[in-house]
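For reference, the structure is listed below as structure tokens.
Per-chain residue numbering starts at 1, and chain names A, B and C are given in the order in which the chains are listed.
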Amino acid sequence: MNLLTRLASSAALAAIMALSPLAAQAADITIAIGSEPSTLDPQVRDDGGERAVNDNIYETLMARTPDGELVAGLAATPPTQVDPKTWEFKLRPDIKFHNGEAFNADAVVNSVKRVIDPALKSEQAAYFGTITGAEKVDDLTVRITTSGPDPILPSRMYWMKMIPASYSADAKFAEAPVGTGPYKFASWNRGQDLVLEKNADYWGAPASIDKVTFRFVGESGTRLSGLMAGELDVITNLLPEFAQQAPKFAAVSGMETSVIVLSADNEATKDVRVREAMNLAIDRQALAESLFGGYASPAKGQLVNPKAFGYNKSLPEYKHDLEKAKALVKEAGAEGRTVQLVGEAGRWLKDRELIEAVGAYWTEAGLKVDIKIEDFSEYLNQLFDKNKRPDAIFVSNSNELLDADREMTSAYQSGASYASNSDKEMSDQISAARVETDVEKRQALYDAVTTKAYEQSYLAPLLNQQDIYGFSKRLEWQPRVDSKLLVKEMKVTE
Amino acid sequence: MGGFLLRRIGQGLLVVIGVTLIVFIATRMVGDPVKVMLPLSATDAQRAAFAHQVGLDRPIGTQFVDFVGDLTRLDFGESLWQRRPALDIVLERLPNTLKLIGAGLGLAILLSLPLGAIAALKPGGWVDRTTVFVGLFGLSLPQFWFGLLLIVFFSVTLGWLPTSGMGGAVYYILPAITLALPSLARLVMLVRSSMIDELNQQYVRTARAKGLRFPRVVLVHAMRNTLVPFVTLAGWELISALAGYTVVVETVFAWPGLGLTAMQAIQKSDLFLLQAIVFTVAVLIVVINVGLDIVYKLIDPRIRLA
Amino acid sequence: MAIPMPVTTPAAILRNAGRGPTMLKRLGELGRELWQDKLGTLGFAIIVGLLLMAIFAPLLAPYDPAAQSVVSRLKPPAWLPKGSWEHVLGTDHLGRDVLSRVIYGARASLLVGVVVVLAAGTFGVVVGLWAGFKGGRTDAILMRIVDVQVAFPGLLLILLIISVIGPSMMTMIIVLAVTNWMVYARVVRGIVLSVRQTPYVEAAEMIGCRTSRVVFRHILPNLSSPLLTLGILEFTNIVLAEAALSFLGLGVQPPATSWGLDVANGRDYIFIAWWLITFPGLSIAITVLAVNLFASWVRVTTDPQEREKRYAYQRAKAAARGRRQSPANSEGGSA
């Protein structure tokens, strides 16, 4: 091809593109995600970009319905317990990886062993901390062993992607992934886009979309422009203000819950009446309406995600009652007492606004509030400082495994992460729940913990946030509570 | 010429050494890379392990020797963000930045010569006044703002051009215009004023008196003499674009070049990647500087290169 | 203005400082000359306005620029259907008053611009004087440092340093000053070298004048006009750099305000609230444009050659106008 024809053809191409900028084919869609995958190895990083793509390529033994219910995925049925430390999974037969390798017990054993191998230095290790190994019983039966009784193991297996036994050792594994999922990897133009194609041989219900292109757009404003200009079909993290602006949108209860951890030991907030007043002073409904345009709901007296196992259904929300809060503050002799409220800005949606609004409510209740918005590293220093707890500190908790153990460890259990109480009894209950495999007993333990924390106002849970997605006119999809972008559940109407 | 080149390369080495020193001092002595790069939820043990793994627990002198040693072997360490050699990422993104600079600066150069020349033919005329005014605007509009306005107008309101990202030719239009704007303004002003000066020179009058046609005089004589300052300024534009002035444009248009990567590295606290970007660009600038000096010499033999 | 007047440069004014009436007269002349250049006058007026706005921001701004109000978020400017005169330029996504933020934003731009130009300028001038005077090895070393630093990947290095130290207004000022002094050093050194070769300075040095006297008596006056022009132009660069860094999130940090920061904040809302990026962005553009207009007047005024050109041009224009009207007016036309 000589230079002239090359020039001519590229000019023609440009002209075509200019005429119909990026108008995709009927069953091809484009999804914008906030960050590019750092790798396509599904077991190494804890990376939202990687997950968004690989959730469509790989599958897990356990899966969740769009509403969050745990069901069998690649496993034929939910696992059974052989003994307190061993779980047995039966696998679905006749499933193949995209490269033709069989999905069988060897693949499962390899997946488990690889991700827990310290040499891999997987960032997902935290999700699989209790798993000690896996062994093949027969071609379609695998036993997974844990270091102690682990009631959350089925949930953990919803997080562990199943990789092929031999190809995963290939050097190209991190760039050209091969899974069992409804979509196959097609191409990855680093920095620009990543394309997946429908897996015609998928074992489950066939997907309707033929080709999906992921684009990496960090700025939410830019994502919205792309959606409005018709370049994109799905965007994530739509700001509440824009919900009405987007051609179509959907909101679903999300995984983030914001909370203010109150110190039960510090002089200023030692009195439970003060802490209760702090909880009652906050008008959560107003915050949800004004800051999140209604796309958030007041937390029901606990940090545990409403969709998670261990959620205490009987707890009410701390009802906004300014007069009672004022009275409590007065009763405790805390009028005009200075309370420190530590926070950060920019990490979570509307964080600064929430913190400042809460500070204003507390001031109304008669306290003097010293709001300290720190830069993120200093903020984290204070959040994790075991010796010197702030009077009150803001944090937003996300629960991927949808199990209360996450919230218990982070905000309830004394000394485990960022809890600000030194309640020995509660801490023991949490430790007991962690190894309690009897579902009902475990729920009872969590109910006890959350009830006590509610009465003691150890925490001021704020809002359960909703994830808001923007869609193009032609796209139809019901977003999932686990925030996964499963293309197989999407449809285009044209 | 040989001696000159050697001197220039020596000076380039000094630049690289200077950048090395600054990066080392900034990252190892002023700031604490372990603190910057690990999430703050990391435990002390994890911190110590990381420090040991990347050799940050050794005496500062040893660290410096290793640092320089790694650089000479082009080993910038592994990007924490992507878990692969930082240099690989840099080399992957560099072409995108070069393409953007090529399009933007190419546009500025191609437009500035005729615009400046036309303006100079009739100083004070309407073309001239418009050029001067547009030039002033080009120097005054903040690039990030101009880029956003272009997106709102051409992509969202009119729907003609893509809002962001990289792809076929249409993707280049808005970022290139945004990048070109200030350069175009400076270049146009330069061409205009130096052409006005040249056209007032005795030799132009002489040539015209001798009967040469005006366009020929303009094109052949005045233009050639304008070329030296023009190439100097264009070279400077090229270097300053490389030196990081594409960061803003790349951020606004989500253009996957080095500038956007640098911003992402900052967000992900990936100091090794940022370091690799800074060094690669420093070396590139040194090389381009030497190249430009040679070009000056070629277009104007009068220049004594010292 | 009928009589060709002697070249008055700001340098000459400085030289005459202290001779009261003369100085006032010269200032008056300069003022009249500025008035002739309509665009220059406009630029100057805007600069004065901006300075006043920055200084008296607390008096002018109707609200605290950081005061949030969840009930009045994203209100459009007053003249739009849903706007109200309570918030003339509307409010942002946190309910902060855009007008107040624009007024306060002038502080960040001007403060950073002035401080950086003064700091970098002072340091650069000292280095330039030193290099120019000492000559020899000192000169070679200093100028080598200048050359080397000019070839640094400037903005990328700034990003690296800020990301390690942590962004703040102070960090930004220091980093910008450290990366922008070289141009002053070069200019000053060049002038020192050329001035020292003039017979009168050579003579002064021969008869044993103290260096300080030579510098203050002979060199500084020659430096002031080019430095003034350079400083003004650099000022525009710094204002744009401050805006860009703040836009990238590496400059002024909230709750402080800056125009660049506000454009970044408004960026997510361009579809429903165009006023969020428009007013701060326009403020940056107007500031820089005004300074540029004023700078081009200063440049012409301080350059004798350019002044002659301008003078001739004005005479020609006046003459042309005079011919068209009545001959009697020809002299008055240009006054």
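The definition used in the following text is that a residue touches a chain if its C-beta (ideal position, glycine included) is under 8 Å from a C-beta of that chain, and two chains touch if they have at least 3 such contacts.
This structure is a prediction, so every number in the text was calculated from the model and none was measured.
With centres computed from CA atoms alone, B is the chain lying nearest the middle of all the protein shown.
In this structure, the chain pairs A-C and B-C differ in their number of contacting C-beta pairs, and the larger number is found at B-C. For chain A, the chain whose average C-alpha position is most distant is C. A separation of 40 Å divides the Cα centre of chain A from that of chain B.
Chain A and chain C have CA centres that are 49 Å apart.
Rounded to whole angstrom, the centroid-to-centroid distance between chain B and chain C, based on C-alpha atoms, equals 24 Å. Residue numbers of chain C whose C-beta contacts span two or more other chains: 267, 270-271. Among all residues of chain B, those that touch two or more other chains are 36, 151-152, 156. The multi-chain contact residues of chain A, meaning those touching 2 or more other chains, are 219, 225, 228, 377.
Within the complex formed with chain A, the chain B residues making contact are 35-36, 39-41, 81-84, 92-93, 96, 151-152, 155-156, 159-170, 254, 256-257, 260-261, 264. Of all the residues in chain A, the ones that touch chain B in their complex are 10, 13-14, 17-18, 21-22, 35, 38-39, 44-45, 190-193, 215-219, 222, 225-226, 228-231, 376-377, 380-381, 383-384, 417. Those residues of chain C whose C-beta lies close enough to touch chain B in the complex are 144, 147-149, 151-161, 163-165, 236, 240, 243-244, 247-248, 250, 260, 263-264, 267, 270-271, 274, 277, 281, 284-286, 288-289, 292-293, 296, 313.
Residues of chain C that touch chain A in their complex: 68, 70-71, 73-74, 93-94, 166, 253-255, 267-272.
Within the complex, the chain A residues that touch chain C are 219-221, 224-225, 228, 239, 241-242, 245, 286, 290-291, 345, 352-353, 356-357, 373, 375, 377.
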